[in-house]
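Mind having a look at this structure? Questions to follow.
Note that the chains are named A, B, C and D in the order they appear, and that numbering of residues resets to 1 at the start of each chain.
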Amino acid sequence: MRVSVQEEIFDLGVEAETFAQANNGSGAIVTFTGIVRDADQGGLVAMEIEHYPGMTLKALTEIAQTAKDRWSLGDALVIHRYGRLELGEQIMMVATASRHRKDAFEAAEYLMDYLKSRAPFWKKEILHDGAADWVASKDEDEDALTRW
Amino acid sequence: MRVSVQEEIFDLGVEAETFAQANNGSGAIVTFTGIVRDADQGGLVAMEIEHYPGMTLKALTEIAQTAKDRWSLGDALVIHRYGRLELGEQIMMVATASRHRKDAFEAAEYLMDYLKSRAPFWKKEILHDGAADWVASKDEDEDALTRW
Amino acid sequence: MNVLYFAWVRERIGLPRERVETNATTVAALVEELRAREDRYAAAFSDLSALRVALDQELSDFDASLDGVREVAFFPPMTGG
Amino acid sequence: MNVLYFAWVRERIGLPRERVETNATTVAALVEELRAREDRYAAAFSDLSALRVALDQELSDFDASLDGVREVAFFPPMTGG
């Protein structure tokens, strides 16, 4: 299990390939990657992600460990960036390895739902005119936790 | 949308990275990769995958198109190999790109459920002692289709 | 009509495809004709619930009409993914 | 006690962290003390339903005791992923 909180961009291809190679006894590998996008077509040029350094790694590790235990995953990977991210850059990724595709999918969705609402990150959208707005949390993201 | 039926091994890292780059306006990318594993600890050394050349590409394309329409995906990718695959090699992958993570996850699961039971592939397990057995279809795989 | 066999159906019958001259109007009638040929066909078609059929590369069923069909394929349930 | 602020809570209050001397025994009591300080604190803490709190880097709630706590953090609902 690897959890990384980092400012640097990561290479999705390398991470996915490395994870799959390390877990080629598992049979099923799922990855999720989040990318900075202009969700409201509002001229977004970048995103600034603030986090809580003392808490972030601990929170992510707990979330990943819970997923690993609950679905008996062979392995799990969580990478989440902070700082300034340009439009189109990768924000984060998770990967799960399991003997069964259902477990790999469910655990990845669980990781994402918890990262969204329980990991101490806050996103600010930077628009082309210099305006900056904190991304509001969505009720649907909080609701998503109730299924687990 | 790209659908590939091929004997050659593919590079998961390159495919995942290329797909994500091409769809970096989508926000959410999900990939699933299936790997040859020794499911029953029976000394499996390889898998032989037979397919129905005249039907395979058409069936995969239909499945991918249905997923793309149903979840309004930005893009979808399906790669499935045939021939002899050694233990630990990648069998297939799917990737989905969407504005929303829920759609990307659901569409990827839909693709996998349909690939399992509706794409004309048949797997044979080759054991270390030379024995070879066709993989039996699972009731749970057929049942998985009922949720869509 | 071209008849194709895959996986263990192919192995039991001993060939991957053959040209079949038939007046059968449904898949089920064609299966009856094949079954009557030789033991290896009877063995392959002994349990239709373990078989699937495609007509001109589209999944179909044993009640389906063969009218206009050029290619029939028989195989076990698929195990892709 | 170290008190940390993140995202728009940090911006409204105008600093990321500060040392607070307090006898408050619960988070809610601490919030009341902070609110009473200046308008910028009152503005930041005007709607607790829009805020979350962590005690020593664990998510908690406003009723929680501050007994033994060394670090309190206030922030809006998280938006990771």
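Keep this in mind: a contact is a pair of C-beta atoms (placed from the backbone, for glycine too) under 8 Å apart; a residue touches a chain by one contact, two chains touch by 3 or more.
Note that the structure is predicted; figures quoted are calculated from it, not measured.
Under the contact definition stated at the top, the chains bordering both chain A and chain C are B. Between chain B and chain D, the least number of touching-chain steps is 2. Averaged C-alpha coordinates give centres for chain B and chain C that are 26 Å from one another. Centre-to-centre spacing of chain C and chain D amounts to 72 Å, using the average Cα coordinate of each chain. Residue positions 81 of chain C are each in touch with at least two other chains. Along chain A, residues 34, 101, 112 each make contact with two or more other chains. Taken in their complex, chain B has these residues touching chain A: 11-18, 20, 23-35, 37-39, 88-90, 99, 101-102, 104-105, 108-109, 112, 144.
For chain C in complex with chain B, the residues that touch the partner chain are 4, 6-8, 10, 54, 57-59, 71, 73, 75-81.
Residues of chain A touching chain D in their complex: 34, 50, 52, 54-55, 58-59, 80, 91-92, 112, 115-124, 134-137, 142.
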